[in-house]
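The data blocks that follow each hold one structure.
Presented sequentially are two complexes of chain A, the first with chain B as partner and the second with chain C.
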Partner chain A sequence: MRRLLLSISDGRGFDIALVSVPLTFLFMMAGLPLVYNIVMSFQEVDMFSLGTFFRPFVGLKNYATLFSMPETWPILKNTALFVSASIAGQFIIGFGLALFFWTNFPGASWLRGLFLVSWVMPGLVVGAIWNWILSGDFGVLNYLLRESGLITGNIFWRSDPSFSLWAVVIANIWLGISFNMILLSVGLSTIPQDLYEAAELDGANVFQRFFTITLPMMRSTIGAIISLGLIFTLQQFDLFAAITAGGPNNSSNVAQYWAWDLSFRQYDFAQGATISVIMIVFVMIASVVYVRSTRHEVRG
Partner chain B sequence: MDIRKLALVGALAVASFSTLWASAKAEDVKITVWSLDRDIQPAPNLIKDFNNLKTGITVEYRQIQFDDVVSEAMRAYSTGQAPDIIAVDNPEHALFSSRGAFLDLTDMIAQSSVIKPANYYPGPLKSVMWKERYFGVPKATNTIAMYYNKDMFRAKGLDPDKPPQTWDELVDTARKLTDPAKNVYGITFSAKANEEGTFQFLPWAQMGGGGYDKINTPGAVKALEIWKTIVDEKLASRDTLTRSQWDSTGTFNSGNAAMAISGPWELDRMVKEAKFDWGVALLPLPEVGSKRSSAMGDFNWAIFSKTQHPKEAFKVLEYFVSQDNRMFKDFGQLPARSDLAIPPTGQPLKDAGLKVFQEQLQYAQPRGPHPAWPKISKAIQDAIQAALTGQMSPKDALDQADQKIKAELG
Partner chain C sequence: MTVHQIELTGINKYYGAYHALRDIDLKIRKGAFVALVGPSGCGKSTLLRSLAGLETISSGDLVIAGAKMNGVPPRKRDLAMVFQSYALYPHMTVEQNLTYSLRIRGIDKAEAKRKAEEVAATTGLSHLLGRYPRELSGGQRQRVAMSRAIIRNPKAFLFDEPLSNLDAALRVHMRKEIRALHDRLKATSVYVTHDQIEAMTMADHVVVMRQGIIEQQGAPLDLYDRPVNKFVAGFIGSPAMNFVPASSGSDGKSLLLEFDEPQTIPFMKPVKAGQPLLVGIRPEHFELAGDADAMLRLPVGAVETTGASSYITTATQPELVIVLNNRAAIRSGEVIGLCFDPSHLHLFDQQTEIRLG
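Let's turn to the complex of A and B:
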C-alpha cells in the first residue's frame, strides 16, 4: 500500500498519472470520433439512425460497394496526383524562396514575414480569388497567357477535365508555399555557419556545399515538412468547394471532397465514413514519418 | 423549527412557481419555425405579423442556411429536438414524408377553409404528396424559362418578337448570335454538377418524353445531344459545366450572352443591370406541338410528426397561406397558387416576364417525389457532365444514369 502511494507521489505511478491526463484528453477529443467513424464504416447508416450508436452491422459491404463504384479508382488516382503535385510544387518553390531569403539582403526578414499573408487567408477566400483568376472567358491568367503568346484560345481551367485538377493544384501550391518557406527558413538558420566556412576553405563549390551540407543537415526538417504537407493537402477541402466542386465529371474530385459529398449531399454517411477510414490509413503513415523525423531532431 | 419554516417557504415557492408556469403555458402555445428566409424574406415578417395578432400562439423563428436545412432537420429529428414547422426544399420533401417524419395533414386540409388543394399549381402540390396524402403546403414556387436579348436579335437581323420555338431553332439562333470577336456567346445556362444541373436538364428530358424514372428515352438523349452541340460548338461558354445559374445569367446581363435559361429570381437584378431590351420566352420544344414541361423549384412548409401542438402549428400554416397574396409584392416570390392574380409592378419588362413565367408554371413538374432523390439527382448530374466533357456519348451516359436510378427506384 505504502509502496503504491509512494509510486504515485514519486515514481512510475506518478509518470503514468501525468501521461494519462493528456491521453484521456486526446482520446476524448480525437480518439472517440475516430473510433466512431471506423465503426460507422462497418454499419448500415441511415440519416434517421444517425442519432443512435446501435445500427445493423454489415461487415465489409461498404468497402465492397466502394471499390465496385466506377469513380473510385479515378478519384483515388486524382488524390495521389493532387497530393504529390501539391507537395512537390510547394516544397520546391518554398525551398527556393527560403534559400533566396537566406542570403539576407536588406529587408529580407520583413519580406519573408509578408509572405505569410497567403497562409493566413481562409481557404474559401483564396478559392474565390483563384476562381476569378482561373475563369475561362474573363480570367486574368488566360489573359496573361494569351498576351504573352503562350496560348491562342482560352483554357477553361475549371471546366476542362484535363485542366480542372491542375487548377486546384495551382491554387493549393500558392497557398502552401509560405508555410513551407517559413519552416525551411527556420531549418536553414540552424545550420552552423562554420560548416560552410570549412567547406569553402576545402574548395567546395556552391552545388557541392548545397548537396553535402545543406540537404543532409536539413534532413529532419524536410521529413517533417513533407509529412505535414501530406497531412495538410489531404485535408484540403475549401479550395475544391470553391473552385471546381470536384467537377466536371469527377475529373478534379479527390477522396476528402468525395467523402463530404457522399455524406452531406447524398446522405450516404456509411460510404463517406468508409472513404475517411481509407484516408486515415494514409494520414497515419504520414504521422509516423513526421514523428520519426522530429524525434531524430530532438536527439540530434 | 427553522427547518420546518424553510420547508414551508420552499413548498410555497414551488407551488406558486408551478401555478405561474402552468398559467403561462395555458396562455400561450409556443410554436417554433425553421426556414432559410432572411429578414427581408417572407417567413420572419409573416411571423412578426402573426405574433402581433395575439392569437394565443407565439411563434419563434430560427433561420438556417440553405446547405444545412436537411442535415439540421435530420439531426434535430433523430435527437427529438425538431421544430414544429420547417421549410424544406421540394425535392427533399418526400425523404421526410416517407419516413413518417412529417405530419400527415390530409384530414386537417380537408376541413380547412384557407388551404384548398384546388388553388395550387399541380406541380408544387405534387411535391408535398406521398402516397396520395398531403404532408405539407407549398410555400412558394419558381420555374425556368428563356431570357433573350432583343437588341442582339435585331443586330443579327432576327425578329425580336419571334424567339426560337424548337430545339433546332434554338441551336440555329444561338449559332447566328454567337460572336467570338465581341465576346458574345449565343446562350448561357447551367450544367453544374449539383442540384442546379438536374433542375435545368430535367425539363428538357421531360419535353423529350422522359423523366427521372426513364432518363434514357430517345427524346432525352436528343436533349443531351443538343446541349453537347451547344457546348462543343462554343455557342455557350465551357464554364457552363461549373457555373451556377445566377453566375451564368450574370454574363447575359453584362451582354456576353444573347440568351439565358433561368428563373424568375433573376427579374429584379436584370431590371437593374441589363442595359438593353430583353424578353422572356417559354422553353423551346423538341418539335412544334410537343408537350411542354418545365422545372419546379422552391420550398414547402411541413409540420414535424413529433410536434406537441399539431392543431396550433396548422393554424400558423393557415396564416402563412392566407398571406400568399403579399408574396410577390412584398418579397418578390411567386406563390404556388393559380387562383391568385399578381398585380402589375409598373415595370413593363418585369411584368411581361412574369406573365411568361406564370404560363410556364402550368407545365412545371416536381423533381421526384422520391426519398432517394439526392442519389437520383447525382446520377443525372454525372450523366450530363460525362457527356458534355466528351468522356461518354450522350446515349451511353444516360443509359448508365438510368441503370443507377433504376437501382434506387428498386
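Let's turn to the complex of A and C:
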C-alpha cells in the first residue's frame, strides 16, 4: 500500500496519473463520439432506436445505399472541387501576401495583424457579408465585374447552379487567406537571412532564390498548411448554411453539409453517420501528412 | 591594367543619421591578403558587406578589377564570401552546396560534379559529399563554406569572421589552412576579424579600424613597430602595450614616468620640455636587470607563470604588465630592476594620443 502511494506521489504512478487526465478527456469528448459514429454507420437507426447503443447490425448496407443514391457522386465531386479550389486559392493568395509583407515596408507587421480580422469572424457573419457582396441584383461583385466589362449581364451567384458552389468557394478563400498568410509568414521568417545573401553572392537572381532557397526551406510549412487547409475546408459548414444551404438542387452541396442535412433535417442518422465515416478517412490521411511534415522540419 | 584588384576611394556609409563608414580609402593589390581588424562596431563588417554589395554605400567609388561597382548587385560582382555562420544551404547536400553557384550559372551537371570532386579533394571533403550540413562538425562546415567559395574562382574572397565559431585549437589550425589556400590559389582575400592575432598572422596588409575610420594600415610588423596612435598601439599585440603618463625632464635627456612614485629614465630623442606625454612599452620588451643596469625599480604585484613565460603585474599606479620568457623566481611584494632598449619606447601626445617622432 505504501509503495503504491509512493509511486503515485513520485514515480511512474505519478506520470501515469498525469497522462491519464488528458487521455480520459480525449476519450470522452472525441474518442467516444467517433466510435459511436462509426458503429452507427453499420446499424439500422431510426427515431425510435436513437436512445440505445445496441441496434440491428446491417453490415455495409448503409454504404451500399449511399453509393446507389443519385446525388452521392455529384456531391462528392462538389466536395473535392470545393476543397481543392479553396485550398489552392487560400494558399496562393496567402503566400503572395506573406511574401508581400515579408518585404517589411513601414507598417507591414501592423497591417499583417489587421488581416487576421477576417479569420476571427464567425462563418455565419462572413456568410452574411458575402450574401450582400454576391447578391445578383445589387451586389457589389456583379457591379465591379459589369463596370470592368468582364460580364454583360448579372450573375446570380447563389441561385445559378453553375455558380452556386463557386460563391461559397470565393467566400471560403477570403476567410482562409489570413490564416495561410500568418503561418506562411512565420515559415518565411525562420529562413536565415544569410542564406539569401550567400545565394545572392553565388549569382542567384530573385526568382532563382525563390525556387532554390525559399520553396525548399518552406517545404514543411507548406505541407502543414495544405493538410490543415484540407482539414479546415472539410469542416466548413457555416458558409454553406449562410450562403446557399447546399442548393439549388444540390449544386453547391458538399459532404459535410449533406451529412448534417441527412441526420438532422431528414432524420436519416445512419446515412449521415456513413458520410461522416468516409470524411473521417480523408481527414485522417490529412492528419498523418500534417504530423509527418511538422516532424521533418529542415533546420540548419 | 591596374595592379589593384579592389580600390575604395572616399567611401561613406550612413544608417540614417549614424555615420558607419567615414572616408574610407583602401587599395588592395591583386593576390594580397588584407585583414580588416577592429573592435566590434568599428565598421569592418559593414565595409566588407559594402564590398560584396550586400550594403549600399552612400558615397565614394568602389572599383573591382578595374570596373566601377557602385550599385552593381552582388550576383554580378563575382566575389565569394565565407560567412561567420557559414550560411550553408541546409536542404542541400555538401555536393549540392558546392555546385550551387555553377548550377545557377547553367554549367552542366557532369562538369559541376567533376569540379565539386576536384575541390573537395583539395579541402578533404571527398568522403562527405553526400552528407547534409546538419550532419557535419563545425570544422567540416567551415571547410564546405570555403570550398563553396573556391569552386567559383572569383575575383576576390571575402571572409567575415569565419573562425569565430570554432574552438581555439581548430582556429589555429584553420588559420594556417586558409593562408595556405590563399597562397596556392594566388587569390585576393579580404578578411574581417576582431582578433588581432588572426590579422597579424594571416595578412600581408592589416587595416585597423575604429568608429568607421581607418586608424592605420600597413604590413603587420610595421603596425607593431610603429603604431600611429595609442589606439593602434594598444590594439595590436598581446598582452596589450603598457601606457604610462610622462613628461620630459628639463635637461631634455630624460623622461619622468608618472607612477604613484615617479621614476626617471634616460631618453635621448629630442622632446619638448614639459610636454605631457604618454609612454608606451610592450610587455615583452622588458628584461630583468641587476642593480647596476636597472632603469626602473618597481614593486611586484602578481606573478603568473604558464611554464614557458611569466606574466608579472607591478604594484604601481598605473600598473605595468611584464612578460618574461623564462621562469623568473620572483615573488609578490619584491622590488625588481627592469631594463629595456630605449628604441622600444613609443611616445604619444597625452591629449591627441598621436605618435610623436
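Methods note: the second predicted complex is superposed on the first by the 276 of 300 C-alpha atoms of A that agree within 3 Å, B and C clash if a C-alpha of one lies under 4 Å from a C-alpha of the other, contacts with A are read in each partner's own complex, and residues count from 1 in each chain.
Basically, a contact is a pair of C-beta atoms (placed from the backbone, for glycine too) under 8 Å apart; a residue touches a chain by one contact, two chains touch by 3 or more.
A quick note: this is a predicted structure, and the numbers were derived from the prediction, not measured.
Trainee: Scan A:T190 for contacts with chain B and chain C and give back first, second, both or neither.
Mentor: In the superposition, A:T190 touches no partner, neither chain B nor chain C.
Trainee: Regarding the shared-chain residue A:D137, is it in contact with chain B (first), chain C (second), both, or neither?
Mentor: first
Trainee: Counting residues of chain A in contact, which comes out ahead: chain B or chain C?
Mentor: B
Trainee: For A:G247, is the partner it touches chain B (first), chain C (second), both, or none of the two (neither)?
Mentor: First partner only, chain B.
Trainee: After the superposition on A, what does A:Y267 contact: first (chain B), second (chain C), both or neither?
Mentor: In the superposed model, A:Y267 contacts chain B only, not chain C.
Trainee: On the A-aligned overlay, A:I213 touches which partner chain: chain B = first, chain C = second, or both, or neither?
Mentor: A:I213 sits against chain C, while chain B stays out of touch.
Trainee: Touch check for A:S84: first (chain B), second (chain C), both, or neither?
Mentor: In the superposed model, A:S84 contacts neither chain B nor chain C.
Trainee: Which chain A residues lie in the overlap of the chain B contact set and the chain C contact set?
Mentor: None.
Trainee: Taking the touch rule as given, give the residues of chain C at its contact with chain A in the complex, in rising order.
Mentor: 52-54, 73-75, 77, 79-81, 83, 85, 87-91, 100-101, 104-105, 133-134, 148, 152
Trainee: Show me the residue ranges of chain A that touch chain C in the complex, using the header's touch definition.
Mentor: My answer: residues 192, 194-195, 197-205, 208, 212-213, 216-217, 219, 298-300.
Trainee: Where on chain A is chain B touching in the complex?
Mentor: 47-52, 135-137, 156, 158-161, 244-251, 264-268
Trainee: Residue numbers of chain B touching chain A in their complex, please.
Mentor: 67, 70-71, 74-75, 77-79, 95, 99, 101, 183, 192-194, 237-242, 251, 256, 374-375, 378, 382, 385-386, 388-389, 391
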